[in-house]
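Take a look at these structures.
In the two assemblies presented below, subunit A is common to both, partnered first by subunit B and then by subunit C.
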Partner chain A sequence: MASVELQGLTKFYHKRRGVENLSLDIHDKEFMAVFGPAGAGKTTTLNLIAGIVTPNSGTVKLGGRDIGGLEPADRNVAMVFESYALYPQFNVYDNMAFPLRSPKFKMPEDKIKERVTHHAKVMRIDHLLQRPIQALSNGQRQRTALGRALVRNPDVFLLDEPLSHLDAKLRHSMRAELKEMRTQLGTTTIYVTHDYLEAMSLGDRVAVLNQGHLLQLASPDDVYFRPASIDVAKFFGDPEVNIFDATLKTSGGSQISVQMLGENIPLALPPDVVQILNEKHTSKIQVGVRPPDVRIAPEGDKQAFHATIYSFEPLGTKSILTLKAVDGSFVRALVDGHLTFEIDRRTQFCIDPHLLIIFDGQSQKFLARSADSIENS
Partner chain B sequence: MAELLYKKLVKQYRPDLPPALDRLDLNIRDGEFIALLGPSGCGKSTTLRMTAGLESISDGQIVIGGKVVNNTHPKDRGIGLAFENYALYPPLTVRDNLAFNLKAHGVKQAEIDKRVAEIAKYLHVEELLELKPAALSSGQKQRVNIARALIRRPAVLLLDEPLSHLDAALRVKMRTEIKRLHTEQRFTTIIVTHDQLEAMALADRIAVLNDGKLQQFDTPLQVFNHPANEFVAGFLGEPPMNIFAVKGDSNRRLVVPGTEFSLPITDFVGRLLGERKSVRLGARPWGIHVSQTPSEVSVPGTVSVVENLGDETRVGVRYGDMLLMASTDITRVYKPGSKVHLTFEDEDLNLFDEDTGERLTA
Partner chain C sequence: MDRDTGILGLLGPILRNLILFLYALFALFPLIWMVILSFKPDEQMFTTTFIFTPTLDNFRAVLGEAGFVRSLWNNLVISGLAVALSLIVGVPAAYALGRYQFKGREDIAFTFLSFRFAPEILVIIPLYLIYQKLGLIDSVFGLIWVYQLISLPLLIWILRGFFEDISPDIEGAAQLDGYSWWQVFFKVLLPMVKPGIVAAALLCFIFCWNAFTFALQLGGASTQTSTVSMTRFLASDTVHYGWVAAAALLAALPEVILALLIQKHLVRGLSFGAVKG
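What follows is the complex of A and B.
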């Protein structure tokens, strides 16, 4: 059993906040992605679990046991850094065997061989064991570093931005391969990243941190489709989510619709959203619309918003279209890459009200999103 | 503004090393936006520096507006330069930052005022003229930086990785602004970047460089959809193209030996293949159609990994050492272990010569 519980953890470096009152329950064998921008407190969180820094207050429990008094070496957690920290003078095998030959383990060589071979297979580097480190590609070094951490059979595996220095292309394939191996790890893992794709792809759950505070702890789908606040919504998705001011109109009994972008086009909200808004007595809202959910409408569509085309950026499979709405707001749409658009032309676009993410206008916190939106496909 | 020609342009730093830039030929039209794209060391920055006169020319010519500028002093070439770090003078207001170079060139005050007003209006920085750089957002700094490069009415504007130090969200916004600005003003512009999305989004045409050699010079969609070779195919596109070795077998199929991968050779692919027995195959993740039901042309496979990325789902199918990634719209039907059938449309398939890397064309 190796659950990790963080309770009310606070760490300040002089006056600079690392994390403040952070509580997080990580289940046994869970893969937890800790996501946030620079200065969010991600690495501080890892260091607190590893015992590299001591909290000002709060506790860290491993498998239900308070490990606050334990030295890093006695915690049985394994950390992999961004800069692999492999020994260049050793080959892959000796790098992986290194922790097991340490005074703490002093494992017999035949046992070591068994372990190293097993984990090298999991990491798909079993054909490279005799290679010197210099002869490895970046991806192979990555896997060697992960393998070396795994041979100790740690209770918890801590990964600090392991893919961030790889080039964009390699990052995509390494992320997929890491996810593929994930199922074979069977070890509680905490994975720190500032890349939202990594957090969503890899995490069973995602803890979103900013400026030392936990903003949301939820499944990747929830973080994306039901973000706890406008800030969280903006962290996930590229191009960034569109945020508009909007007003609510009540019409004919229980109908509530949204008006925005300076036009008199009421978007009727689905009943489940209406119910939540009624319960909360909300009047002022902001809405979030993801760029793939902005659709170009046929000309003359009465339910469509009007706009001029401000900018058109082809990206290959998709293109980013920036529209200037009647009230001067910019609206980003992600459209099929085969279409072309002419700057300053007039156009129309529509938004399915089921896909609106509704935030409180004052607190900017999440209020509602229809349950029958796309993610059940 | 003006057209810009590179004629067999060479940069040789040391005689015992291959040239940093090897006989580059480019014709850049008046008003065109060109991206020099490639990995570090490809020669793109060298080209930019030679154009600006910061680096000598080993061989060949640079022609701006019909005039060979090889031996023209940098300040007389008609080049406006905007670097990655803004280098605005912090103690000066935006107005004085814009006027600085004109003053240094002895332009009369009345003319300076006129040009500052003019450029500030073009670039929408009129409200910022009396502010100091510290009070500006990075987007505003970017505009002022470009305004300062343009105020001397250069023949060519050079942008050196102008967005690379910005965070992802701001980079996308600034990209849009630069694109819009160019559409409004159509100044001849060259951007140097290693970011393929930036090149795709901004440029009228992209020059892809590798090891000092021009790989392809064409519109973004041509470069994306019809890459000249394996390097270009792999360098452009996110998620990256799947590229892997296949062999033709006796049943007119392309196979990855020792795996389930077996793709029927269509007439189209057959024509591309010619007599070749082995070839490298390239398919973009969005060009592979994933289905639960087989067809005559589908390739069987077993899902090895699924990535749920919000509005996109990526399905990974392993064939030996290769993890083939396919992108689909959001779906929850595939799990590791699911049997799937992949369809490759002819128009989304690329075949590369295994020795030269050239893309095969019919």
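What follows is the complex of A and C.
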């Protein structure tokens, strides 16, 4: 029973902004992924919840109770630090037993042993218990840090980039493991990451932070398919989303189409998008197109945009293709790996208007995206 | 491979060791000379050959003097307590200077360091006057206090580097693990900086033990330390070089033994935090 509620949290380190006016509501047993680039205020958010730093203003509530005045030890919150923060003078066992020997969570040694060995088994480090910390690999240290957080059944888990120091392969398998663990534990968890894949695969919801502000709080699908702003769209997805300036053309009553990339090819927008655009009276828009949604078109296709091939990076099953459109803007496309392209050759591509993400040209905020595009993909 | 088997390959290590040996001889010669002097009888004192009839008379004479033995004890008590006081004051100070960002942090740290800049002889007259007014001349506490000028800056600056090297995350982790700040300090932080504390404390002890100016001017008959006590063998009419050498040897012995015992900590401690800090 522990929901976490942040209300108007602000923390400045001297002049430097940590977070500003951050409000976040994390439900009981939810797995919340907090995503953002470096300096977004992710770690500050965790430290504020843990009580390691005190906010300039705002409140932190745990299970409905204001815990602003409590010491970190009294909050019953466990945290895994990015640096793991293991105690170098102890071995793995003593590191994991450390919280259980504290005055706060004290229990008899035989019980400690039971708990530590149980959780060491879960983390698959039970054969390393007598090892000093210096003799562990990064992956083993990370498991030890997780184990130390797990042993005392906290109300909330705070995980600060636990996978960032692991090599790519290990990161992948640990991600799967964390996902499994998350269902077993059923504890409220706040997971900070700068990797959008981690955020999307693990989080029940994703909170996108940048420069201390909350940009969007939504389900992983929504963050990806209906990003709140162009910035959010750019954070998620690799290669990065294509953003084009576009003009709206009204033709024949209720029809609205989009023109872009310096060509006279009207892309008729689906009716649900048209309806939103009409309500908002927007004239200037920007559109986002995900690279997998850019399709190479057969020659002679009347609806296709012309382009020259600028660069081609084969990545095995997929290849990244950068195209130069007629107006000089670059278009990134993700194409099948078995296709090969020659640089500087002419080609053409098409974009399904259902897949366009429409942003307001001025505020760069999300306006609309066709609903049926999401069910299809 | 060729280099190792050739004549040059064989000569290389020999030459290297020979040079090192010669340098060691050069560096240690004053010490060796002191040891030799301490075993020489008075009449052979000024011979420049190394041939002499060894005798323990010098040691007998020095140890027979109640004053000198007492001064060794005095030095041990005063230096030991001075280091203890430095530890009590200096460890938290080093932590604060290493961890917290506050206005004037670097200025305060530099002020501590600057205590070591001025030669002792420069401040001894004002200090003497102050001590006279306070009635601290020839008191154990007075010497311990003034020795802080010697030991505290050293201790703070060595340990500061150690505390800076500890990630603040560790403190946060220990606090979340259910410990109060004081418990974190004693159970987690102090064990982590132990090599630094050992090295710094030892260095401080050596500097205090060797202190002469302060001990001479601010000490007195009841607090005479071994460094001051040795000068009694340098009377105006006769100088017993053998006695002086024996006394110096006896006074240096505790430091040498101490340094050898914790050599491992010393090297690690000094090369770990101090250089980086």
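We take it that the second predicted complex is superposed on the first by the 340 of 377 C-alpha atoms of A that agree within 3 Å, B and C clash if a C-alpha of one lies under 4 Å from a C-alpha of the other, contacts with A are read in each partner's own complex, and residues count from 1 in each chain.
Basically, a residue touches a chain if its C-beta (ideal position, glycine included) is under 8 Å from a C-beta of that chain, and two chains touch if they have at least 3 such contacts.
The structure presented is a predicted model; accordingly, all values stated were derived computationally and were not measured.
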May I ask you to decide whether A:Phe98 touches subunit B, subunit C, both, or neither, giving the answer as first, second, both or neither?
second
Given the touch rule stated above, what does A:Glu177 touch, subunit B (first), subunit C (second), both, or neither?
first
Partner contacting more residues of subunit A (subunit B vs subunit C):
B
If you stack the two complexes on chain A, which partner ends up touching A:Ala50: first (subunit B), second (subunit C), both, or neither?
second
One more residue to check, A:Pro132. First (subunit B), second (subunit C), both or neither?
neither
In the complex formed with subunit B, which residues of subunit A make contact?
37, 124, 168-169, 172-173, 175-177, 179-180, 183, 197, 200-201, 220-221, 224-225, 234, 236-240, 290, 292-293, 310-317, 320, 322, 337, 343, 374-377
Per the contact definition, I'd like the list of subunit C residues that touch subunit A in the complex.
101, 167, 169-170, 172-180, 183, 188, 191-192
Which residues of subunit A touch subunit C in their complex?
14, 47, 50-52, 71-73, 75, 77-79, 81-83, 85-89, 98-99, 102-105, 148, 152
Touching subunit A in the complex, subunit B uses residues 167-169, 172, 175-176, 179-180, 183, 197, 200-202, 220-221, 224-225, 234-240, 284, 286, 304-305, 307-311, 314, 316, 318, 321, 323, 325, 327, 329-332, 336
